[in-house]
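Here come two complexes built around subunit A, the first alongside subunit B, the second alongside subunit C.
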Partner chain A sequence: MAQGDGTRADSETALQRRDPYAINWRLVAAVVVLQAVLLVVSPPLVVFALIEVMIFALYASALNLLLSFSGMVSFGHAVYFGLGAYGLALSITHFDFPIVLGIIAGPLVSAFFGLVYGILCVQLTAIYAAMLTLACAEVTYAVVFQWFDVTGGDSGISGHVPTMLGLAPHQFGLVVLCVVTVAILMLWRVVYSPLGLTIRAVGQNPARAAALGHGRKSVQLIAFVISAFFSGVAGTLFGIFHGNVFPDYVGVLFTVDGLLMVVLGGLYSFGAGIYGAIVYKLLDNLAAHYFQYWQLVVGVIIVIVVIVSPSGIAGLVRRVVERIGRRL
Partner chain B sequence: MTAGAISQPALRVRGLHKQFGRFVALDSVDLTVDEGEIRAIIGPNGAGKTTLINVLSGQIVADRGSVEVAGRRLRRQHPHQVAKLGVGRTYQISSTLRRMTVFDNMLCAHNAVSGHWFSLRAGRLRTMEDTVLADLKTIELDGLADRVVDDISHGDRKRLEFGMVLATRPKVLLLDEPTAGMGLRERHELIDLVLAVTRERGLTLVFVEHDIDVVFKAAESITVMALGGVFAEGRPDEIAANSAVQDIYLGGNG
Partner chain C sequence: MDRRTLLRISTVLALAAGLGGAAQAADPVKIGYVGGISGACGGLTHSAVKAMKIALEEINAAGGAAGRQIEVVWRDSKTKPDEGAKQARDLVLTEKVDLLTGVCSSSVFMAINPISQQYGVPLVSAISGTHKATVDFGHPFVFQTQPHTLMEGKALAEYAARQDWNNIVTMGLDYEWGRTTVKVFTEELAKLKPEVKISKQLWPRIGETNLTSYITAALSEEPDAIMGVLFGSGTNSLIKQGRSYGLLERTELLTFLSTESYMSLGKDIPDGVHGWARGPFYALDSDKANAFIEKYRKAHDGEYPNDWGMLGYDAMYIIASGIDAAGGTDPEKFRQALGSMTFDTMRGPLKMRMIDNTFNAPSYLGVTKMTDAYPFPTMSDVNVIPGDVTLPSEETVKALRAAAAK
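Presenting the complex of A and B:
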């Protein structure tokens, strides 16, 4: 009896098995079109907010590759965000790169530091590895802050690139939309490729992954470098958006922003960074507008969301979609 | 039994010693398992059975002694390197990827040995689908393919873990209490499956087991461990007739 059921279920799964990890192009197109329309019709202040949301959605998604899938925690991810912006600035001011090359250099500088720091961090596991990411970040911040001749210290670097490349806000917004969309789709491809399956296996259960033949260190290092690279893409965009770079960009506040977005968005879900960035930045803007102690308000809201839905906004969205699906 | 004079034993362990602090977990253990042999390891809790499996799979480095897999001496290899030598293991507490589906767990196992684990081409995963489904059928979990492992029964998880190890095409299977915590029927079904696959593929099987019925049904030879050492070794009938073994272990079973 059970045997019969099993066979029937199997032939059905075999027939109906559609790839759950294929990119949903219709959804992507809908979101991109909607966002493009918003960018074109909104007043500049809203466009600025939208641009910031997109950049942070990419940054948080890159961080999410580590937190949700690779089994690592980074308490210093702003380093890879900020070094993108510094890579852009320094390659132009110190090496006379043309702007286009500077833009390419930004993420590569992040990836390089991801490789160097990553090699150190994967030697340890769990909280020890996390503390080492923090230590690497502190060292980087100190160097960036104090090496005045090169980095300009706390007055940063500006004027190396025209703010928003000299484009109108909505035009620059469309550029950011393209870059961020492509980058997030690439992250999707990473997570749901053979490499991503390996990363997720190591992240979920290093002992089992090892028994299957995967070495933890090399796999986690690859994930770390990829995450650093895409954080660097976000940071480079941020540097162009503001036309400057400050030590804050590699500082602890940007790190915390990223972590909060992922947790708010919902760990173990690909969309965590996107949902988290949207809601966090929305809260941030609204609360700052209406409340004196806005950071407290944002903090309380995050605590409530995480308690009500430990799987974050992604979990809420999933449940709502399932419920609607059942009604239809 | 099929091992000729020329072929190396699948596993050869000599003088293995391991201490945790001052506690001696393995005390000069010698063990030789021939190719194609089915060997049970029994012994009371704390005898050092899991520690022995951990040393054989590279999880723990012994203080002294040598381990040879198919004539190759292990030198502080990491677990994933030992796995690549053809040694597959399961854990006393089943070790799977709990947030993934049963299907994806099996896919992971195939991916690991595909030679393309670093590929970015999602299409490569799709080409493995048929093999994955066939493997799930072999371990009779095809009906649960789309269930998340967290939601399946303990017994099914043990079964899945065994299936994943099989998918990596090991030559030597090390199963640490493969039927622990299972019901009587489930237990015999799983061990029948293990035996069928082992014989069909000519694998070498070393398994730790507490259920004496299962041990005597499956094993061609038995190693009895106690206090970190090998206490007795022999064919099932020899072990059954050994009064010292009965005293320390089989006694309770009458």
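Presenting the complex of A and C:
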């Protein structure tokens, strides 16, 4: 008995000694291996669903950097997602880029627009800044939708890149897994680096951060550009996944999807985007399959989750893990 | 497990396999429907789904196609391209459908098109108007049974050339449909009647509710007609706001008016507006059409089918006849069958040409009139512009394909 207590105390000190912000490589490896196995053994349709979840996990995680940590709200984040896909398509169709360069161009276009719109949006705070992100999104959507000589209008751009680069679904899934894993680990590094500390400080108390010499605007702008870049990575992957791009990708529905994933996943938690993407996409797929009024069903489930666990799925997971930990 | 049990199990398994084989012989033809049941297309698609279900019942009651019953798996694209693609892929891979149909918006059609190409599953579009899927990005297994944008632009020019109009102002919604239709219209009209002057081109924004500045700009040219490529609320605003400027007294107006517009706008549409439509039930006076309309109304509380319903019903019959003639669902045989037949549809006899798998579907243009026959206005003196006149030339198709492949 005494020995047992000693073991528990030892493991607790080991836990306490561990840097909570270091990447838990064992966990990452386990998740990646599990996901890779799933991708290889699952039938194509499940593979497609897994690919979609991975892409949206990255998009929602990028958005989460703003929502949970930098103290900003973006009501137009699909712009940076969609522009990744448009950057890829337009650089190939209009500038004759080879596909590899096009893939690199996608996220860079998103980051560029993140910089331009970000400069505008950080001038304001709170709801005013959020409204400005919405305005930027509306402008982008209108241009993409109407400038059809360049963007193809509502019938979009197709045929510029082979669907999934011509790879088999599980092969492309493994590519997406690699890219998304690296990108999410980079986001983790950003959040828990000195820069991330500054971003969080500005997000939590801008006045105090300013007193310490960290100007709100520049820090939020950096966070905005990083978020736009990684949203662009997700969008570029999505563009390759479908082999096309449409104005919908920069539209309000994709923005709402991202926001819902983060809220569902649990604000103020790094995993929000990942949990949110898994659950939201699952609901979205299943509910539409079995119910005519699927939107209502998804809506009700989201309301219930938010009421039962305001800290979202991340909070729920944390509580469950803690309880199991205590039992052990 | 003793040998006897093993024997029993294997007998049962063998029987089951045998029965499975027998069932396979009479397996139904499986068709996957992907359409905007919800979302932006929801208002149009509901009638198409109802109509297609009626056609399906009739076809199956008459023995199906190629001796097999037809089964349709209905899926909602939510009018989102990525969702449409996902549903189409699901239908092909898990439901193992032999053929895809449906599609409403251009983007959804364009998103499903490559899936049809990739898996070699025929896609028959019943109600999407973009020409890009069959012309620019056409492949052997994508088919279109309704007039597309290029055809409609030409039909409008044909109609305008028959009128006594020498000075026209165009007013197209500022997006692909509006721009392309106006472009084709002006080009074709210049060929048909070079003396007609297009004095101004106006491009109201989509969703714009205040059209007064466009109305005054148009009227300042004192045109003989305004050619509007507008729909729904755009047409509604133009007519309502134009009233205070005496728009309809000072000029003629031609605009897109399909059945659901007449139903929703009702008496707001005055007599004397020139409208164009794709499948106006009231103008199709054949036994086939009348029987369908009666059946549809009976099943749906006296509601009339809209244009998309008419197109959907025709599309289902075209698919079934194609499968019947091909003796099954082999994509190439299906295509050859469609290309070699004449289809007796509610819109008259239709044929498909092989270069772009497009049907010579007619366009309908006429003048609005409130009559006692219906609780909403309809078009009278309907001009049917046949598809043979409006289909783009083979050179145009080749040029557009070459540009798309670049």
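The rule is simple: the second predicted complex is superposed on the first by the 311 of 328 C-alpha atoms of A that agree within 3 Å, B and C clash if a C-alpha of one lies under 4 Å from a C-alpha of the other, contacts with A are read in each partner's own complex, and residues count from 1 in each chain.
Assume a contact is a pair of C-beta atoms (placed from the backbone, for glycine too) under 8 Å apart; a residue touches a chain by one contact, two chains touch by 3 or more.
Predicted, not measured: the structure shown is a model, and the values here were computed from it.
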Partner chain in contact with A:158 - subunit B first, subunit C second, else both or neither: second
Touched partner set for A:247, first subunit B, second subunit C, both or neither: second
First, second, both or neither for A:325, with subunit B first and subunit C second: neither
First (subunit B), second (subunit C), both or neither touched by A:201: first
Partner chain in contact with A:268 - subunit B first, subunit C second, else both or neither: first
First, second, both or neither for A:98, with subunit B first and subunit C second: neither
Residues of subunit A contacting subunit B in one complex and subunit C in the other: none
Footprint of subunit B on subunit A - complex, ascending: 2, 5-7, 9-10, 13-14, 17, 19, 21-22, 189-190, 192-195, 197-198, 200-201, 204-205, 207-216, 222, 268
Complex contact set, residues of subunit A against subunit C: 43-45, 48, 52, 142, 145-146, 148, 152-156, 158-159, 163, 238, 242-244, 246-249, 253, 288, 294-295
Subunit B residues touching subunit A - in the complex, by the definition given at the top: 57, 59, 78-81, 83-84, 88-89, 91, 95-100, 104, 107-109, 111-114, 116-122, 124-126, 129, 133, 136-137, 140, 142-143, 145-146, 161, 164-165, 168
Subunit A partner contacts - residues on subunit C that touch it in the complex: 38, 76, 78, 80-82, 85-86, 89-90, 93-94, 105-107, 109-111, 113-114, 118, 130, 132-133, 137, 174-177, 179-180, 205-206, 404-405
